[in-house]
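Shared chain: subunit A. Partners: subunit B in the first complex, subunit C in the second.
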Partner chain A sequence: MLSNLYPEVPLEEKQRLFDQVKADARFEDYLYGCYECGICVAACPSARFYDFSPRKIAQTLAREDIEMFYEQMNDDIWNCSQCFSCVRCPRHNNPGGLITIMREVAVTNGLRSTKEALAGYTRIIYKIMTTGTQVSPDMLQEDAFPDWGPQVKEVASHLDLWRRALPPETLHTTGLSWQVEERTMLELYTIWKLTGVLDMISELDEGLHDIMEEVMDDALEDQGFTIA
Partner chain B sequence: MNRISLPMAPRGTTPETGRTFSPDPDNAPEEDLREAIAQLGREGEWIVQPVPEPYYEARTKYGRIKKIPFEKTWHHKSCGQCGHIPGYSTSIFWLNRFLGYDYFDPRDQTSCTAWNYYASATSNQVAQAAVAMRNFSAAYETGYYPLIHCGTSFGHYKEVRHELVHNHDLRRKVRDVITKLGRPFVMPEELVHYSEWMYAIRDQLKSRVVVDLSDITATVHPACHYYKLQSGDAIYDPEIYGGQRTAAVTAVVQDLGAHVADYSTWYDCCGFGFRHILVQRDFTRSFATMRKIEVMKEEANPDVVLTHDTGCVTSLDKSQFATQAHGRNVGVPVMSESQFAALAVGAHPFRVAQLHWHSTDYRPLLAKMGIDVEGAWAEFQEDLSKIEKGAMDYLTWDAVL
Partner chain C sequence: MAVDRLLVIGAGPAGLEAARGAADMGKEVLLVEATGELGGTPYAHYATLTPHLQETHDAMQEMLDGVKTHPAIDIRYNTRVVESEGQAGNFQVVLESTDGTRATEAVGAVVVATGFTHFDPGRETQLYGYYEFEDVITLVDAEHMMKDGRIVRPSNGQPPEKVAFIQCVGSRDRHIGNRWCSKVCCGIASKQAIEIKRMLPNAKVFIFYIDMRMYGFWEDQLYWKAQEEHKVNYVRGIVTEILKKGDKLLMKGEDTTMGRPVEVLMDLIILSVGMEPSKGTLEMANVFNIPREDHGFLATVGEPLDTVTTPVAGVFVAGAAAGPKDIEDSVSMGGAAAIKAVSFLNRLSKSLA
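Let's turn to the complex of A and B:
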């Protein structure tokens, strides 16, 4: 059945996004057709809790069903858990990997549904891209993790002291997972800039992009770190 | 959700079929990537960092030999472990010291950034490979060999390695970035996960166990990114699950003297979801408890759940609190096998295993292991008070070995 959920978006636009997915170097390594056997669905955690199917993803891409592809780009891909249980596919497909590519294209093109899916997530992007570590001890706050119980409050209230009671010398940190050398961070900023990742962020969240660019440029300049 | 009742019996680690998978490396369905890596090294595409001697020879899925270094390891830490469950990494370091091994805990290391990549896709193939190769280069320059703590870092780096071997254009782009950083372009001979190192040292640990674990039943959650990504490069052993599942974690726990019980949803993931654990935890909580913890409780009733990845410990541990409030069948401590092994050979539950960072109640387990929980907590409180009063700045390694 043809998808008609997004009639207002021209077919050419949907095709353009599909072509970007297909042009990814990993695409042909991740898709070899599909038996419709459903083995991937049986293994998929997200299929148990959402209206979601890795089989449909593989089928849609193999058939080049552009309308369904666009629907999945908006309504399905962010449900995937990226666990890669689906790689037990007898056809050697990697539906989870296909979804990674689709997500990258969704971010690069700033799809509205992607912005919504990642709305609460931007502070994490900031953390990883500017410090090189993704989650830090000081993120353990009661209001951020109310469902994790009173133990989170316990950690938060003793954080500095408990971190100092860790024998590894690199772990006496609260704003970073471990002590990262300045040069290491500058090298990471250089990687984000040289590989276009920082530019990707501007499609997703311009404000976040501007803040990060400033942080990175200032740090690189202060240290006389030039990108050749 | 109504769960179907499966006719499962606690059956240790022998699959009911009794079939043993006998792999033949000469007829493996996948190429041996290491040959291509060595060839690219000979062609001058990159420097191949050799596994330092002495090393352990373990078997992977298709019977190939994988070299696991005992020492001279460069610890590629995990942001989730170090940030939220630091007893995990502390126990790995402590075990190195306990065995007298030389290791290096670097500051010139970033996270693999794969948690973010699998959560938000705000990166790309070149960037991810450049992050990996920068870290490998940093390890090489110290003379120590990368030992990767996180299952996701390990799996992601295996993916990156595969892409770099097969995609010349990608290799060229990444080499350009690394060269601009003034770094050598280095690929390690093997990618090694810390749980493989645990497998390699299991005999040494076995001879030094001081806690009687014969009454302890554990269930093992094998981490998806450890053995599903680039599946040929994971440790398998005919003596463990008949060689049909990875031997990581299970072989170590059995050798320490605990009983490993089976459960039907062993292949399921933990529900982490990368994005979900941070911003859509209803999914994580439901999956972690309904598909994993409750099934384990019903079929195996374990004293502890053991696993070998950052995300798995986090989801399986933290998800139980809210579920318990609904009166469901949960309530079992969760930790890494490195923490469990450290406890088994005499590590302190708070100074080393740092169990106070975990949500689930570990006290009944410690009591069953014969560990004086209250006494240990009182000792740790004394440490804290010394730090608070300025009598010591930090808890040092000298104080915990």
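Let's turn to the complex of A and C:
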């Protein structure tokens, strides 16, 4: 009620985003009412490490606290690991699911904080959406994963050899986590395009969107597919 | 010779059930009521009943008619019990009607069902400005408006856009001296919040509470319903003070689960006033020498297994005279008191025959 970290953003804009979240078809099933009992926070791994509370997400939406909602859209929602431990709620709320909706609205509206939060994930988004696999072996560089220890450097320098030493032939890959059938990728591209997931990215990162769209369109066109 | 006749004092839900029960079991019943109407506090003041929101007069009509038409029940309206002499089996009670006429009646046993009174929120240390600000009202004032099918700001007759309930007013407070929970206010506030949202769907309704005490089925019948279907906002934290700001009310408190202070403007604030022993209950403690338990209500012996027997032989208690009770409890106690009193009279007539 008192929070107003974003006085420069007009209330109408905050309300517009709130209305988008509330209008999502899943919203009704994800939020009933909140006891403010904290069982979701107790179960939440992120709450142990961040100033983050799934309870406050549910409470804020239930109370329709627009200012607080806008704060959460710009911060809290990116501290959730989307593990859904919070669904043990006795009222059958789903704070993690509410966060899913909020993230989607944040992405489709290209909030500046969302761009910042996801900036480090450009490569991963690209990798997942164009190949269907997430972190590929050649991304495991010393500079990117210092916490993996000194052996990362050794592994990275002979990556192709290490990978070929693995028994399943489908793992003899370096640019992909595993070998992905071309047909699978084409299905994936079709899904991204038809469901609007690709378009979601356009507000967030137009360059990334355009590059991925080109990759997908070219691949589909080569095989004689057109997506209306 | 024991007098085979029961005196029931107070014609609220507890007294009505006690009178009807004893009369149905074959006793002559003298029912004394201080006002000119049966039904007690709910009938006089509450537009609808918790938790099912039936119109009170409709819901209670059968109960009232059953007592009014019962051949074995002698009703004295506008009458108080002012004195009692004698003892179990033969109490000589003096009745005084509002016009001052007195009459002495003989009864063998007594059921006291004199109920409660609502806490006066203008009293003591309350900083809610009940007598200063027109738009600060009580649950009872709200019920009176709802009897007319409306809820408005008394200051200007306009429907409120923002309404807040403050719970535990006069309850659970050592400063005031009332340490008890009044049991029904959480349910009644939730019921009224639902009714306000039905009348004014665009109004924002808040309930500021310490604990929501929605025991049993009230949980989903009222609390979940208000919160989920009617989007009533429950905020944990009690308001310390209400001030006037322009033509609005500024309330100060803490939103304890969010961990931040709250200062918000409201159009209408409804105080959820608790229960205290009624004037009649205090008078009956004196007239029949009934000890008061340490909260000030009439004492019973043998709790929790006997809820209606007082330490005075032949005197029983039912309903909120013995402590905060909802209507269900009051009616149940009325039935229990009827059985205890009738069996007491039966034992007396056998031993003294």
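Just so it is clear, the second predicted complex is superposed on the first by the 226 of 228 C-alpha atoms of A that agree within 3 Å, B and C clash if a C-alpha of one lies under 4 Å from a C-alpha of the other, contacts with A are read in each partner's own complex, and residues count from 1 in each chain.
We adopt the following convention: a contact is a pair of C-beta atoms (placed from the backbone, for glycine too) under 8 Å apart; a residue touches a chain by one contact, two chains touch by 3 or more.
None of the values given here were measured: they were computed from a predicted structure.
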{"item": "Subunit B versus subunit C as contact partner of A:Tyr126, first or second or both or neither", "value": "neither"}
{"item": "Touching partner for A:Arg63 - first (subunit B), second (subunit C), both, neither", "value": "second"}
{"item": "Subunit B versus subunit C as contact partner of A:Tyr6, first or second or both or neither", "value": "neither"}
{"item": "Greater residue coverage of subunit A in the superposed arrangement, subunit B or subunit C", "value": "B"}
{"item": "Contacts of A:Glu36 with subunit B and subunit C, given as first, second, both or neither", "value": "second"}
{"item": "Touching partner for A:Arg55 - first (subunit B), second (subunit C), both, neither", "value": "second"}
{"item": "Contacts of A:Glu187 with subunit B and subunit C, given as first, second, both or neither", "value": "first"}
{"item": "Touched partner set for A:Gly149, first subunit B, second subunit C, both or neither", "value": "first"}
{"item": "Partner chain(s) touched by A:Thr170 [first = subunit B, second = subunit C, both, neither]", "value": "first"}
{"item": "Subunit B and subunit C footprints on subunit A, overlapping residues", "value": "none"}
{"item": "Subunit B to subunit A touching residues, read off their complex", "value": "77-84, 86, 89-90, 93-94, 105-111, 113, 115-127, 130-131, 134, 138, 155, 163, 166-167, 169-170, 177, 180-181, 183, 224-225, 228-229, 231, 267-269, 271-276, 278-279, 281, 283, 285-287, 291, 318, 321-322, 351-352, 354, 356-359, 380, 383-384, 387-388, 393-397, 399-400"}
{"item": "Residues of subunit C touching subunit A in the complex", "value": "223-224, 227-228, 231, 233-236, 255, 257-258, 260-264"}
{"item": "Subunit A - residues contacting subunit C, complex", "value": "1-3, 32-34, 36, 55-56, 59, 62-64, 68, 91"}
{"item": "Subunit B-touching residues of subunit A, taken from the complex the two chains share", "value": "24-26, 29, 43, 45-46, 48-50, 78, 81-85, 87-88, 100, 103-104, 106-107, 117-121, 124-125, 128-129, 132-137, 139-140, 145, 147-149, 151-152, 154-155, 158, 161-172, 177-181, 183-185, 187-188, 190-192, 194-197, 200-201, 204, 227-228"}
